[in-house]
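As structure tokens, here come the structures.
Look at the two complexes coming up: chain A is in both, with chain B in one and chain C in the other.
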Partner chain A sequence: MDTQSLTLSLSEAVYAGRQFDVMPVAGEEPVLQITVSGATETPVYLTVTETQILCLVYLFDEKEIQAARLPELHESMLRISVPMPLSALGKVGEHYVVYGALSPTSSESDIMQELVTLADNAIDLLETFEDVLA
Partner chain B sequence: MPQDDKWPRETRAVKAVQLAFDLSGDIQRAFRVSAAMQDLTTSDMVRKALALPYKRRRIRPRLTLSLHPDDFRILAERYQLEPDDQNAIRKAVAEELSAFANRFFAEPPDSDT
Partner chain C sequence: MRSVMKKIMTAMRGGVNELGEAVVDNQSTRIFEQEIRDADNELRNARRELAGLMAEAASLARQIGNAEAEISRRENDAQKALAAGQEDLAREVAERIVETERQHVDLSHARQRLQVRIEQLKARVQQAEKQLAEYKRELQVVKTNERVLRTTAQIDTSMNSNRSSLSGAKETLERIRERQQREEDRQNAHVQLDKELSGADLDEKLKAAGIDGSKQAVDDVLARLKGAGSGSN
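Showing the complex of A and B:
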């Protein structure tokens, strides 16, 4: 599976009634920005390496968090990560992210399930953590 | 503590996503600003940039402000007025917004989109 074939297949696909808007982002490594219908505020960034398909949604920046509540947020993130379906929480630079990783041999259906779940989880997480954002 | 040099290829992929995220943020901001400057919707601005047909539905720029009791209290303190004197507060708000607009057009943003 590569980003080019994913761009073509996702653009015409429907999964669980959801559609996908795919926008390739220029750069050295191919990255797709995928907007899932019904979750347009949480676009998913996808890239493919030899070992995994990485799907990632940006949640918020470090500077958006109330400093005093940072330990509470981290504790909560670690606990939520385990039961959260097909997703985990992490940090890239100063950005907090929710991400999911799949095998490069995953089917299109598996990838679409991941994209839908991840975009929906991101919305839930933003609502969950709203209180600790400045 | 080991950081992210254990999986260099994966680290590069994560950085690529980061660059894509930053770039798409800049692009989206540019389109929002240029659309606002031309009274267009953002999606029409995207179509215009790509020389695709668009409906030229100019958005009607409306400026609305709903003030709640807490807002009146904050503004009354700022303008040194009585919180119950809502007319005077609204007048002071209108003057402040007008001053903001005048300042904005006197010192327009750098981009000429």
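Showing the complex of A and C:
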């Protein structure tokens, strides 16, 4: 699975009543920005490596969090990460992210399920952690 | 290159997580990849050597078996010669037995030495396989880490150049609420439209004004029944 064939197939697809708006992110790496209908505020970024298809959504930056509540946030994030379907929480640079990694041999519907789940989870997470935002 | 994961963690805690400050630079990644390829080749050679040694050991085992068979056959011959009083012939056979026994000892020693080499090589191959798998996994961690950093840097650049998508979590939440409100409004409008089309809203208004269509109907039926009853009298 590569980003080009994904762009083509996702643009036409409907999964669980959701549609996908796919846009390549300019730059050297093949990265797609995928907006899922019904969760357009939390675009999913997707990249394909040798070992995995990595999908991630930015939640917030560290500077957006009340400093005093960081430990509490981290504790909650660790706890919520396990039961959250098809998603895990992480941090890249200053960005807190929710992400999912799939095998490069995943089917299109696996990928679509991941995208829909991630975008929806991102919204739930933002609402959940709203009170620790500065 | 050992324990790459620890190196990455240390670097990240130290805040080294920017592009251009790669934890493990490209040059060493390439060297590491080359080392893995070399180790892969060595491992293949070692496996081939091992296969050769094992074939040799099998051949020695066969030769030892043959020597043993030869010895017992000749011992039998010698006994027969002795029984027949052929002392000289028996001596000749005994000489052959001594010769074969010496061969047997030589073969057995060779086989023992070979067995030791085989065991050593097997252990080395196993160790190398384990090490190589570990290197490959570590290389994957390095490469994925760099890939994620490059990817997010690219996303950040793209977001920064596209003002509309540059927003904090609070603005995002606001936009989520606006959308949810829009969806709710649309849902309500649908319900309203359905009511209007079915006339349900008119019924509601009439009811509110004290004009209940169904109550009226009951009254009408009662009046009709009463009228019919008086007519039969």
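Convention: the second predicted complex is superposed on the first by the 134 of 134 C-alpha atoms of A that agree within 3 Å, B and C clash if a C-alpha of one lies under 4 Å from a C-alpha of the other, contacts with A are read in each partner's own complex, and residues count from 1 in each chain.
Note that in this section contacts are C-beta pairs under 8 Å (C-beta built on N, C-alpha and C of every residue); 3 or more make two chains touch, one makes a residue touch a chain.
For clarity, every value in this text was computed on a predicted model and none was experimentally measured.
Q: In the superposed model, which partner reaches more residues of chain A, chain B or chain C?
A: C
Q: Please indicate which partner A:Gln52 is in contact with in the superposed arrangement: first for chain B, second for chain C, both, or neither.
A: both
Q: Between chain B (first) and chain C (second), which, if any, makes contact with A:Ala26: first, second, both or neither?
A: A:Ala26: touches chain B and chain C.
Q: Could you tell me if A:Thr40 is touching chain B, chain C, both of them or neither one (first, second, both, neither)?
A: In the superposed model, A:Thr40 contacts chain C only, not chain B.
Q: Considering only touches as defined above, state whether A:Glu130 meets chain B (first), chain C (second), both or neither.
A: second
Q: Of the two partner chains, chain B (first) and chain C (second), which one does A:Ala13 touch, if any: first, second, both, or neither?
A: In the superposition, A:Ala13 touches no partner, neither chain B nor chain C.
Q: Quick check on the superposed pair: does A:Leu86 touch chain B, chain C, both, or neither? Answer first, second, both or neither.
A: After superposing on A, A:Leu86 lies clear of both chain B and chain C.
Q: Just chain B (first), just chain C (second), both, or neither: which does A:Met1 touch?
A: It touches nothing on chain B or chain C.
Q: Quick check on the output: what are the common chain A residues between the chain B footprint and the chain C footprint?
A: The answer is residues 25-29, 31, 33, 43, 45, 47, 49-52, 54, 58, 92-93, 95 of chain A.
Q: For chain B, which residues are in contact with chain A within the complex?
A: 9-10, 12-14, 16-21, 23-24
Q: Which residues of chain A touch chain B once you look at their complex with the stated criterion?
A: Residues 23, 25-31, 33, 43, 45, 47, 49-52, 54, 56, 58, 92-93, 95.
Q: Along chain C, where are the residues that touch chain A in the complex?
A: Checking each residue of chain C against chain A gives 17-18, 140, 143-144, 147-152, 154-155, 157-158, 165, 168-170, 172-173, 175-176, 179.
Q: Which part of chain A faces chain C closely enough to touch in the complex?
A: 25-29, 31, 33, 40-43, 45, 47, 49-52, 54, 58-61, 64, 92-93, 95, 123, 126-127, 129-130, 133
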